[in-house]
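Letters are used for the chains, namely A, B, C and D, taken in the order the chains are written, and counting of residues starts over at 1 for each.
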Amino acid sequence: MRIGFLGLGNMGTGMAGNLIKGGHDVTVWNRSADAARPLAEQGATVAAKPADAATGADVLHSMLANDAAVREVILDSGVLDALPKGAVHVNHATISVALAQELIEAHEKRGLGYVAAPVFGRPEVAAAGNLNVVASGKPDAVAKVQPLLELIGQKVWPMGDDPIRATIVKIGGNFLIGAAIESMAEATTLTRAHGVSAADFLDVMSNSLFASPIYKIYGGMIAAQTYTPAAFKLSLGFKDIGLARAAADAKRVPMPFASVLHDALLESLAAGDGELDFSGLARVAGARARLKD
Amino acid sequence: MRIGFLGLGNMGTGMAGNLIKGGHDVTVWNRSADAARPLAEQGATVAAKPADAATGADVLHSMLANDAAVREVILDSGVLDALPKGAVHVNHATISVALAQELIEAHEKRGLGYVAAPVFGRPEVAAAGNLNVVASGKPDAVAKVQPLLELIGQKVWPMGDDPIRATIVKIGGNFLIGAAIESMAEATTLTRAHGVSAADFLDVMSNSLFASPIYKIYGGMIAAQTYTPAAFKLSLGFKDIGLARAAADAKRVPMPFASVLHDALLESLAAGDGELDFSGLARVAGARARLKD
Amino acid sequence: MRIGFLGLGNMGTGMAGNLIKGGHDVTVWNRSADAARPLAEQGATVAAKPADAATGADVLHSMLANDAAVREVILDSGVLDALPKGAVHVNHATISVALAQELIEAHEKRGLGYVAAPVFGRPEVAAAGNLNVVASGKPDAVAKVQPLLELIGQKVWPMGDDPIRATIVKIGGNFLIGAAIESMAEATTLTRAHGVSAADFLDVMSNSLFASPIYKIYGGMIAAQTYTPAAFKLSLGFKDIGLARAAADAKRVPMPFASVLHDALLESLAAGDGELDFSGLARVAGARARLKD
Amino acid sequence: MRIGFLGLGNMGTGMAGNLIKGGHDVTVWNRSADAARPLAEQGATVAAKPADAATGADVLHSMLANDAAVREVILDSGVLDALPKGAVHVNHATISVALAQELIEAHEKRGLGYVAAPVFGRPEVAAAGNLNVVASGKPDAVAKVQPLLELIGQKVWPMGDDPIRATIVKIGGNFLIGAAIESMAEATTLTRAHGVSAADFLDVMSNSLFASPIYKIYGGMIAAQTYTPAAFKLSLGFKDIGLARAAADAKRVPMPFASVLHDALLESLAAGDGELDFSGLARVAGARARLKD
């Protein structure tokens, strides 16, 4: 199929690469052209502007940083008008429920398909094509892109016909990650204060009751008290907890853990830790108890 | 070895049974004698009072409900005076750091060994001898009971020579469980408000990023919104979060998630949900958002 | 002086009335014209649209509901272009710091003065000209409107030359009011649970340590558990706590009380209490403890 | 009347002095005898031990530091057995509801009257006899001591016939004080971050909407960022918030503000600020936002 791909960050590059490996004709675009080079070497066509990647595409994928980028690149730069009627846009970005609603209407108005397909996984997982993909949208649109989603993910989780559903599952999932980090931060601060290192405590937990990727990966960084390099930046975690809180506010859902997380993340940012990995949030709990790092 | 075992609740019965299966000479005691019968049939001697189970024992195990029970049965009923000098007491109960400190001194004074060996796992896991056992105490004492701990657990996690260490690891672990439940409660309330059932959301989470026993077991109950029968009662979860908060207060460790958990658990108890499973805490988040069950 | 006045809600009507009583030539505008009638009878000219009230005015006052209304009426309807160069706009509304910054620039660009002059007080206080007015802006602009502010308020609190200053003082003040309400709500729920009515407890507090207007007025409604008629709606309190949280986020200021307030207000709104007085927030604390009203 | 007075701290000394000035025959006792000297010079008899101050007394007042001191001095040192049948004990200390219940029973058993009469006010207020006294107990017992309470306080607030009532009113009042301090701490951190000093902001608030002793006294210290000398120590504030939380737990009353206060106070103590005035709690909010003092 003829595929357009917008957004070649550390996630998008791997995802687009797997579509190329899958034998598809892929035209890529990225704000800074350099990011496109490695994909060009793999056979991708490089577009000068977003709309060029959309022109004539059967399917347009986008993996953009946040609401602002999606608004600018998808809604304000003529991309949707460049897409052939009947084409499907697959949005992999983590965005707000409010923007998702806007996108649904913008696509419907133009007779375009819209599939929300946010992904769980880090850059190396994206490169390996082993992401967890959560997808929802009109059945025919989802059916059309299903083979492409399978090139990107080890598993595709169908979430029904409303794109809002996959959008909120991704937001809820990122909140769960943040809550797990704060939970480990508080628990290890408690055990450290009583003489048990974060490493000793988390070794037990993440290999027994909590033996799962999130507790192993983030717990490993907390155990080592090493928060660089950042696989997922704390400042992005702050943005995602904000998406959860906005979605909660819209439906009048009190989320006290999200509020505590928000306040702890604000303290991290005030301390200048925004560029650390999300797990660097653990520094706040230790600092509040005045434990030495 | 000659073993005494005090406390035959739904956990203790399985644990004592595995010591008998291991070929040891086990004398059991329980407040209500009926609980002892099945073990008597497996070959256990039944003691009339705690001290009788301690007399002549090489090792005394106890699996009692809480601080009050441990204080009454171990400290106030002559058990420690009945134990032969050099005997080792293995305490499997989840108790406060303050009481653990008292127990350490009471044993030392009498030339008795004290090993803190709290366990993670539910009754059926205890019966199968597959618990996760966290153990700490003087090396010689731990070495002496190691073969017994291996009969009880699929794995024994050594935590060093201070019984406080295993005690706080257990307290920290139970806090992590409570925090995971509240996290899932808030996340599923958010997704439900946006049209995604708790079951659909948790199916993705507990089979990908959070594929671990805690998220599967408690998440399963939250997904089904079915909180009986209780494998671990909400009222006991409230007690354990209290142990975490007391240990945190003693060392001046702020734990905002523990505070939120405490307030949510108070609301559960006010609503009359104390007899539900710990995961029943999830009802509070839904009620606050005024979602229909 | 020739004065324009935009926004004749239950606050603005009283404020404009006092400017007329002061002998000024006042032209008023309100979205629904009916609200202008009583002022017309007092001698005000009624404008058909906002810009008409601005044309030829020495000073333009506005008392609008929220950011959206200020944006629409002041920024998007030609009002600033209708004001004579050198005229001063006095904004009495409680708005966000971000919008205040926009307004400062929009006025500067046009050679207009901008004075932030939010007010504390309820409608009857506004009618009596006894508001507390907090004012900041360029010295010459403030000096020009000082006599007018004194017609509106019993006291004008000078806050310096940056309009942001009065803006944040008002936001901080409204947060203090919300925090006082939640504090009384929790304290009275505690005393009620132990047999002391809210009325008995607040009678002591609001006549001794806390003898101040806020504790007397809001405490009186909490004591009576009567939250209508609403002098200041709970839904507006929610909006104002949002302004505080946005201003806090912008400067990385963690405000855990504001987060608790936000979650309690969300629960009030979920319960359908948005039209109650702000003090109706107290119903949440009682409901969480399952106390009968 | 023959009066015994136990506990001559900076509050008790002033209170006992006013009973002497009232023409009563007062026998005083204090753990460290030195504190009794100034009162001896005013005409008090000095007792060697608590029971001696109780022997033959018509009324026994006690103003002790906390639950532990009350338990030791009143319950464990024979004081109640030394009091003549029919005598009344007036307890001015701030104690837990649980201990108050114990005291009620201990007095009833011995045919003694028990009046809970906690006081609001600082040492200088106590010396001037201008405290606010909250009193509850059996009508005859209260009637008997009413003239004495009027020597101590500018106003006596009758709370009915159950001593628990005055006890919980005091606990609730101290919670309100702590909540007001945290509220001012967060509000001033917000305004400081936007360029308005704590002094400028609190000058407006504590002289308008919040014109009351608590906001003026504690607000004054926050405005000056000067937290010594301590009129009421932060460590005592931590103790009193603990009393509120224990009373709330006993009745299943969630108090999220009390939980936030507890966590902030723990951070103050971890930072070594326990000896500062209660208002020193404000340092935590500023530190979390990384504002320079």
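Just so we're on the same page, a residue touches a chain if its C-beta (ideal position, glycine included) is under 8 Å from a C-beta of that chain, and two chains touch if they have at least 3 such contacts.
Computed from a prediction, not measured in an experiment: that's the story for all the values here.
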### Summary
Max Cα-centre separation from chain C goes to chain B
## Note on the structure
chain B and chain D have mean C-alpha positions lying a whole-number Å distance apart equal to 40
### Query
Per the centroid of Cα atoms for each chain, what is the distance between chain A and chain D, given in Å?
54
### Summary
When centres are defined as mean Cα positions, the distance from chain A to chain B in whole Å is 37
### Task
Give me the residues of chain D that touch two or more other chains.
248, 252-256, 260, 263-264, 266-267, 270, 288-290
### Message
Testing understanding: with touching defined as stated, what is the shape of the graph linking the protein chains, line, ring, star, complete or other?
### Response
complete
### Query
Mind pulling up the chain B residues that touch chain A in the complex?
97, 120, 132, 134, 155, 157, 159, 162, 164-165, 168-169, 171-173, 175-177, 179-180, 182-184, 186-191, 193-196, 200-201, 203-205, 208-215, 244, 247-248, 251-258, 260, 263-264, 285, 288-290
### Task
Spell out the part of chain A that touches chain D in their complex, as residue ranges.
256, 263, 266-267, 270-271, 288-290
### Task
In the complex, go through chain C and note every residue touching chain A.
248-249, 252-256, 259-260, 262-264, 266-267, 269-270
